[in-house]
Amino acid sequence: MSQDDAVKEESLFEAPPIAEQERMVEAILFASTEPVTTKELSARMPHGSDPAEALIYLRKRYEGRGVRVVKVGDAWAMRTAPDLGFLMSRETVETRKLSRAAIETLAIIAYHQPVTRAEIEEIRGVSVSRGTVDQLLEMEWIRFGRRKMTPGRPVTFVVTQEFLDHFGLESARDLPGLKELRAAGLLENRPPPGLMPQMGEGDEDADEASTEGQNELFED
Amino acid sequence: MSQDDAVKEESLFEAPPIAEQERMVEAILFASTEPVTTKELSARMPHGSDPAEALIYLRKRYEGRGVRVVKVGDAWAMRTAPDLGFLMSRETVETRKLSRAAIETLAIIAYHQPVTRAEIEEIRGVSVSRGTVDQLLEMEWIRFGRRKMTPGRPVTFVVTQEFLDHFGLESARDLPGLKELRAAGLLENRPPPGLMPQMGEGDEDADEASTEGQNELFED
Amino acid sequence: MTEDGFSEVDKPSEVAERLAAEALIVDVDGFEGPLDLLLTLSRTQKVDLRRISVLELARQYLTFVERAKALRLELAADYLVMAAWLAFLKSRLLLPPDPTEEGPSGEELAAHLAFQLERLQAMRDCAARLMGRDRLGRDFFARGLPEDVTRLRRVSYSATLLDLMQGYARIRTRDEFRPFVMDRDAIFTMEQALERLRGLIGFAGTWTDISTYLPDGFTTDPARRRSATASTFAASLELVKEGRAELRQSEVFAPIEMRRKD
């Protein structure tokens, strides 16, 4: 505490008391439909504020209430409690029906991310149609991740904050069953022991190779 | 109280405890786009609920908080506390779509960085207006890079960390190549989302179609 | 007399199985590739996927393909590729291992197939669990009326990654026939590299990283560097071919080194 005070005295304006900071975080999160990062909170709150600490109090305060403070990736949001969903009018736009292929592709990206198209195809045993990836990108549930450091440097896909928000996940680590799958070795990228039919890849491979040549020309 | 009990016994299902009703009112007010009347609350809550009473508790709970329960005409709403209005100033940014010239210039910088103005013009085939570059500089999506070791030592442009953050990229190298764009369905003969079917787009379409044919030649 | 008339214990299930197989054939369009079909077939074994009999599965799949052929149904090529591979796997599993045979054993291949099926099933289960979660806009809700306190009006320009990529694609596909003048001065030809190396090789009696032979002005700019690296490498191969130099590389991606051969 005394150290905190010393820090505070150093700054020109004293940071508001933590209870006040809690009110501020509450107001900001409340007013926004989108999750707000702690960085953004810091930027909007008076100098010297500590939104992370305020969030601890705020989260506790809303425990068990009709509205909750939830973590979404590295951001925070207020959301109604799921058990009260039945009270809400369903005027909200029903999300587009996702095809089975899209749902599976989404799950594979979520559980295996960062994952390349070839890896998705290896797991599903069929080629991934353009429309599927396109749809998930447009919904902003997936985005491009870092390129793989494997030959061809293929792009990867990862899930987004919108994905986490939509499914009420704090982070991709909280995906249901993730630990069990990992323990069972089902998230490993086990290479086929030679001679396996390369399912769903077919001409895609040739494609990738030629892409690479182009990329090289483009990037620099 | 005894009268209340009598009322409850009359209804087939017992009304939820008042604390639960309070949660319900809280969730409904939070998620509603409009202020909600007690009549509407009654209609949405389980039979026998008393939203007026729940509102008294809820109002008290939010006293002095960053968010308040307020009466608007004969309806109820939740609003951020007026003294915290200064925190909301960032909420009022007006977003405008970046112009086509700016997007193209930005794309070229991202894919070809470090790149000089002359090179951008070479690629776009038209001169780049000062305004466009200034706008991108001001948005902090591009910045000056090293000077080129060519005659005249022209300045170059590169993209910034802000750019990467905005577009959800980890590095400029993760930008997809043309082949990958096509695989993701982004080079389809199809207007971008948000600019779906509109009248008077005939020309645009013809453009895209001829583009498509050229793609084939370009990529393979 | 059909054999269906005999035993009351086994036959019904067999009939059911056969009906199921018929249904599979009719529905072949409903499958998402051979792996999906294999997964569906494997369910008839009614065991944990980890204890599945791959041999039995291969038999089922091949029977399926045979029947489809008999019914003159057209199967996509990848179903036939899988059939051929399963026939190969079946023979490997049935015949005693040939010690001179290269490559993975039948058991290894079978284990990998079982792994693929288990993994696909696991992903399906995950997808179902994911979609079954409480979801934003269905089970829980965001603030319905985001507040904007009209104080500061700042104009912010936005663009999405899609805009950016579409913009780029637009330019690149429009311009492809135009020669890129700026690209040309970034090229160091193999002839130039060869000439340069021929002059320098006389001094290199010790192993030297060929990247140190890149000409001045071609080492910083990535495009120029790449061009010079490629041509220098090609030129070094040419020198080796001429018997004037030796090349070595300790491992993949390690520096390539060259020295004069006397």
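What to note about this one:
Labels A, B and C are assigned to the chains in the order they are written; within every chain, residues are numbered from 1.
Just so it is clear, contacts are C-beta pairs under 8 Å (C-beta built on N, C-alpha and C of every residue); 3 or more make two chains touch, one makes a residue touch a chain.
Please read all numbers here as calculations on a predicted model, not as lab measurements.
Distance from chain C peaks, on a Cα-centroid basis, for B.
Of all chains shown, the one whose average CA position lies nearest the global CA mean is A. Averaged Cα coordinates give chain A a centre that lies 15 Å from the centre of chain B.
Note on chain placement: the centre of chain A and the centre of chain C lie 24 Å apart, centres being C-alpha means. Separation between the centroids of chain B and chain C, computed from CA atoms only, is 34 Å. Of all residues in chain B, those touching 2 or more other chains are 27, 30-31, 80, 88, 90-91, 111, 168-169, 175-176, 178, 182, 186, 193, listed in ascending order.
Looking at chain C, one finds that residues 141-143, 146-148, 161-162, 172, 221 touch two or more other chains.
Chain B meets chain A in the complex at residues 22-28, 30-31, 44-45, 64-67, 78, 80-81, 84, 87-88, 90-91, 111-113, 168-180, 182-186, 188, 193, 219-220. Residue ranges of chain A in contact with chain C, taken from their complex: 30-34, 77-82, 85, 88, 90, 92-93, 95, 100-101, 103-104, 106-108, 110-111, 123-126, 137-138, 143-144, 165-169, 175-177, 181, 184-186, 190, 192-197, 199-200, 202, 216-220. Residues of chain C that touch chain A in their complex: 32-36, 78, 81-82, 85, 88, 103-104, 108-109, 112-113, 115-116, 118-120, 122-127, 129-131, 133-143, 146-148, 161-162, 172, 183, 221-223, 226.
Residues of chain A that touch chain B in their complex: 22-28, 30-32, 44-45, 64-67, 78, 80-81, 84, 87-89, 117, 130-131, 133-134, 137-138, 143-147, 155, 160, 207-208, 210-212, 214-215, 218-220. The residues of chain C lying in touch with chain B in their complex are 141-176, 178, 180-182, 217, 220-221.
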